[in-house]
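Below is one structure; the comments refer to it alone.
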Amino acid sequence: MNLRQRFGRALRLGVIGGGPASWIGAMHRSAAELDGWFRVSAGVLSSDAARSRAAGSALGLDAARSYGTVDEMLRAEAQRDDGIEAVAIMTPNDTHHPYAAAALDAGLDVICDKPVTHTHAQARDLAARVRAGARLFAIAHGYSAYPMTRLARHLVREGALGAIRLVQVEYIQFALASRIEDGAQTPRLRWLFDPARSGQALVMSAIGCHAQQLACFVAGQRVARVSADVGALVPGRRVIDHVSAQVQFDGGAHGTFTVTQAAAGGENDIRLRVYGEQGLIDWSHRAPSYLTLALQGEPVRTIGRGDAGLPSEVIAAGRTPRGHPEGLREAFANIYAELAQERVARTLGESLAAPLPYPRIDDGVHTMAFIEACLASQASGRWADVARD
Amino acid sequence: MNLRQRFGRALRLGVIGGGPASWIGAMHRSAAELDGWFRVSAGVLSSDAARSRAAGSALGLDAARSYGTVDEMLRAEAQRDDGIEAVAIMTPNDTHHPYAAAALDAGLDVICDKPVTHTHAQARDLAARVRAGARLFAIAHGYSAYPMTRLARHLVREGALGAIRLVQVEYIQFALASRIEDGAQTPRLRWLFDPARSGQALVMSAIGCHAQQLACFVAGQRVARVSADVGALVPGRRVIDHVSAQVQFDGGAHGTFTVTQAAAGGENDIRLRVYGEQGLIDWSHRAPSYLTLALQGEPVRTIGRGDAGLPSEVIAAGRTPRGHPEGLREAFANIYAELAQERVARTLGESLAAPLPYPRIDDGVHTMAFIEACLASQASGRWADVARD
Amino acid sequence: MNLRQRFGRALRLGVIGGGPASWIGAMHRSAAELDGWFRVSAGVLSSDAARSRAAGSALGLDAARSYGTVDEMLRAEAQRDDGIEAVAIMTPNDTHHPYAAAALDAGLDVICDKPVTHTHAQARDLAARVRAGARLFAIAHGYSAYPMTRLARHLVREGALGAIRLVQVEYIQFALASRIEDGAQTPRLRWLFDPARSGQALVMSAIGCHAQQLACFVAGQRVARVSADVGALVPGRRVIDHVSAQVQFDGGAHGTFTVTQAAAGGENDIRLRVYGEQGLIDWSHRAPSYLTLALQGEPVRTIGRGDAGLPSEVIAAGRTPRGHPEGLREAFANIYAELAQERVARTLGESLAAPLPYPRIDDGVHTMAFIEACLASQASGRWADVARD
Amino acid sequence: MNLRQRFGRALRLGVIGGGPASWIGAMHRSAAELDGWFRVSAGVLSSDAARSRAAGSALGLDAARSYGTVDEMLRAEAQRDDGIEAVAIMTPNDTHHPYAAAALDAGLDVICDKPVTHTHAQARDLAARVRAGARLFAIAHGYSAYPMTRLARHLVREGALGAIRLVQVEYIQFALASRIEDGAQTPRLRWLFDPARSGQALVMSAIGCHAQQLACFVAGQRVARVSADVGALVPGRRVIDHVSAQVQFDGGAHGTFTVTQAAAGGENDIRLRVYGEQGLIDWSHRAPSYLTLALQGEPVRTIGRGDAGLPSEVIAAGRTPRGHPEGLREAFANIYAELAQERVARTLGESLAAPLPYPRIDDGVHTMAFIEACLASQASGRWADVARD
């Protein structure tokens, strides 16, 4: 029996933030439950108690455990035998520190979205609380948790590249390419463009911290010195949308660091290259299931998730066999969701605007007719007709 | 409120097959629950009742609803007020027809793995039962449920390519490249290499049906005639590992169809190209979040999931913003799983073989120090040191 | 001294066809002279003697050796001490056989554009003449002369893939996507759409013969049997613009063959994949300097022209070091051509419509200022200004 | 008649450097002659007069015009009616300035390899001589002469991206990844590792100047300020193999600049990205015939050389139709070279070590048999045999 089976149940998680309209909220909750390690058991989904309850039910939470404040949740859950054992925080950046501190002080583990805090001092404060309470604390830097970024770290660690000489990381994004701060202000935009809420350097809070963490994670070195060009590429902007820097790592490597959210036409491209004395590795979010390894004097290798001979820590980070992108799960989920929509609509006596495109039994009938026609063609050496129904 | 919220609860799903060791079982269950449309409520996870119960608990099922046979599950669930409303079938191919027929006859909807049945006649039989009982029936052809294959279909339908002239589909895989039938025989290998259990043409059951379904789905045409080269590329093999064919569609298009599982060195490459009088579309599983559209006389376009202006049916099939591969969810899940493993191990008084690589508070401390050093460098126009802790 | 140096001079070549307006003519002539093996010494550039002479001069030929007919050239050159030793034929397809036959009978070697002839019988006739006269005869199948297709052949030959099981070749092109036969008819279109002049199957004469030759060249097998879908994808067309086929090779491999010129939106995509019992190779014209080699159970390798350890026959087929595409030569040629245009225009007292973009001395001044500023920044640890002139 | 035809002859070029063993020498000479604008008429191929003559003959030069020194060539050619009109310089870097200055003073145009000089002051000196003598001066920055980098410049100029905000250029190479300065020293290595001969910053002389020039060429801005990390990535090295920098352009754009020759496993990767307020362009040497254009809110476009609607300056920089990489010329040249080798070997009574792989008449016979079998299969609806000879 594996660890999960020996434990016999899921850990109970309370979520802070990430209401029904938030994609990152759904990501956190479904990720927490994906392998059965956690069950979302309580939450603060709105600072308005009634809204929080409504949102909780929409997500399948018990109404009694949909709280109006973090404080209320921590107190109430502490009273229950089946109280939460950890919290996941996905609220605006300025609240990460107080919520995380409160949860740690309540004896809970914390999974926190990035940036971990507003300031270095706040982060050190959390670190002290983690140590004092022997708590666990994870930051949602997803890029470092792909099987292939894990493999990258493994290769660096085992010396496949030799001593590391140069690290290039970049994260190029389009989200702030236009002056969205001049248009209608949603609550999200309001806190994003308020440095008191979103962080000292917006682009670093939003994506730069991911790039730095991934570089350090894979290279196994921390940044020792930096020379940076920091500012706004978009004229007249008052928040920081661009940082380019040279860095030097504590292990001796040099590095380049480039992040911007003002790249009109860009996508969401985080890419890491690490160069050592024997060769280089190259990983890009565009093709996250592959890692390029180029050793001097040898053909370039493209290692795919699922290839033979991968280390166990890489295998453990994947869930589908070779050649199946993880997104296949979501494609399967679409089929389930569409059949469910059709069933639910029928149950409620509603009709759908258009038929849903999931594969149906008639498609199966055609497939079987096609297979039989292939066999008939082979047998006759001629063209064969496919049965019509 | 959307349909799911108005319905107020998840549909109850019974699973048939897909025990703890099966990756496709975990795919089906997590896909069913991903958006909260279904909750896995019952299952037949083994034909041995005790094993089924053990497997059920390992997956978080109620022991009372972990059954030893399909028949038992259908009868017992029919007695419950909260009985299952649908079944998902992921057993060896020869059992699809009897299990699906029984579930349909019990008034349940069915989600069935492919190939839908062994023969065309069996598929027609299921189609008749679906119609007779007004049931819903979905086949797990995930490739046609990606946002970008949905977009491909949309473009063909709305005439972006003009009349369709040529369809090229291929699925090239490595799984049967060596004579695995000569080695130690697992139960899975035993039924795979028994045509009575796996299907008349193994490669068609395994992957060819996906290729045909995807081509028909996107082109909006069914196959009318076929001229095929069917057989085994691996010498001495007694099952079919390769089919190449020319096809003609009922809408007038010509096509090529190539599937093999004997491609040593191959990955799991399904690719579809559709050519019309105005241009072509090209989709490959290697980069499932992108679709190439090339219209005659214009630059080639690469359309990404999340791009502006996509049709609502494509938007509905995605869950993350532009540039985030769906697999990011699994990366997040790794972070949750690793923190959970560490917590559970501590709770059980066990120790982990090695520290797990999820981002911790110390990483957050370094990130915040790095951000502050960038700002200091910008302020001074010089290199700045990054605080060490 | 190498063979060329020991020989001490270039071979003298006569060209048949490929006047000043023909891109393929310029390709043949510059290719012939590229390494100094040939010098274009005579030609028949038009069937009109005056035009042929004018065209000859425009190309730098001696007016006396610009002939009005092939017969005239063969007779006159035979009288000269420095007469031509070979001919290159790049005329409409129906003339390949008579011109090649005449040249062979005159004791000359022949380089002939494809398709070699109109019919199998004509090709056999040429083969007999080649043997009888101990002549050399090359067909301009350029795709098989790239370093990486040479490497592909080498790998197959040396058994890197084991026994060959499957060969997939395709050539997908756009040139006949619209009904160009209905518009204004240039001389070229007139002969192209006349099967008596362009060949029994237009798409095979134009591109299909390249695909077949490349597949046979690399696989080292000839086609033994074929089952084909042959016709026009464009409605109402009277020539053949599409052939899809299954093939079986004399060495036992199966194959797929797909060529069309009716792919609206397509480019000029010839791609070859060869699968053996140990792995596969994949080459595409899109990236002709790279070859993919995927051996079962190992990471995919991308071998680049210039990589260490390539066989001598591959090295011999390249002219630039690793990582420099061959097209760099043409980029260099642009710089030479632009400076020359400016000089010639000045000499003729003409002015150019716009300044040409080649790099000039002022660009060099800026480069040197930039390099010195980099060094100054490093020395000061600060930003450095770049000198303005 | 075009300019070249009106001029009626090629310009006469003298080459300085680039003996028979030098690939860059062959590049320059073949590029100069490719379109007939220049004819290489004289040269200094070695500082030893006898060797220079031998090398000149090997390249097809008149022995009388193969000189032992630049001075000798300039003086002798000035006396001839058909003397050279321009020189191309491809000698070690420290000689560029004196040779270029002498040629300019002799009234000749100059095409000079990079880096143009050793110092900014020398470059300014050449600029003054160019202006004084109304000479032309080109620097061999080939990357800026590809059709697609020309298109990139055109798009920036015409405002397709709006105001330019950010420019990223990098050139990552492997040539100095190991300590080649410690091994046996060829003459080339000796001057390369001597900063007095190769330049103040080796990596800038070798490749960095290309990266800077390309960025400025496309962005249409010059560098105004720089903050650089300059040094050696390879421990103990005394020359500069790495420069990373932030730059600011005189037009207001920010930029990143990264060049190294110490990237073990790297290839020869120069890549340029330019970001404006409306979108971005991306060009890489890996696929030089394509340019990516991504405008905010629209699908990404991949523009290929030969696409419809390109500006005339881009069309003028290409020589083959859409989809044909320029390297196809070299593939053709291989066919000519191989037939020639066989003919020359026969003439000299030598035998070749192995048969050469160019397509021969027997291949043509097989092609025609294949075509006829395709037609027979279509006619019969069955498999057809391919004739064996």
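Think of it as A, B, C and D in the order they're written, each chain with its own count starting at 1.
Methods note: a contact is a pair of C-beta atoms (placed from the backbone, for glycine too) under 8 Å apart; a residue touches a chain by one contact, two chains touch by 3 or more.
No experiment lies behind these values; they were computed from the predicted model shown.
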Contact-richer chain pair (by C-beta pairs counted) among B-D and A-D: A-D
Chain separated most widely from chain B, comparing mean CA positions: D
Centroid distance [mean C-alpha coordinates] between chain D and chain A, Å: 44
Intercentroid distance (Cα basis), chain B paired with chain A, Å: 20
Chain centre separation in whole Å, for chain D relative to chain B (CA means): 48
Set of chain A residues in contact with two or more other chains: 174, 227-229, 231, 245, 267, 293, 298, 300, 304, 381-383
Touching residues on chain D, where the partner in the complex is chain A: 161-163, 165-166, 168, 170, 174, 177-178, 227-229, 231, 233-235, 242, 244-246, 248, 254, 256, 258, 260, 262-267, 275-280, 293-296, 298, 300, 381-383
Residue ranges of chain B in contact with chain D within the complex: 227, 293, 297-304, 307-309, 381
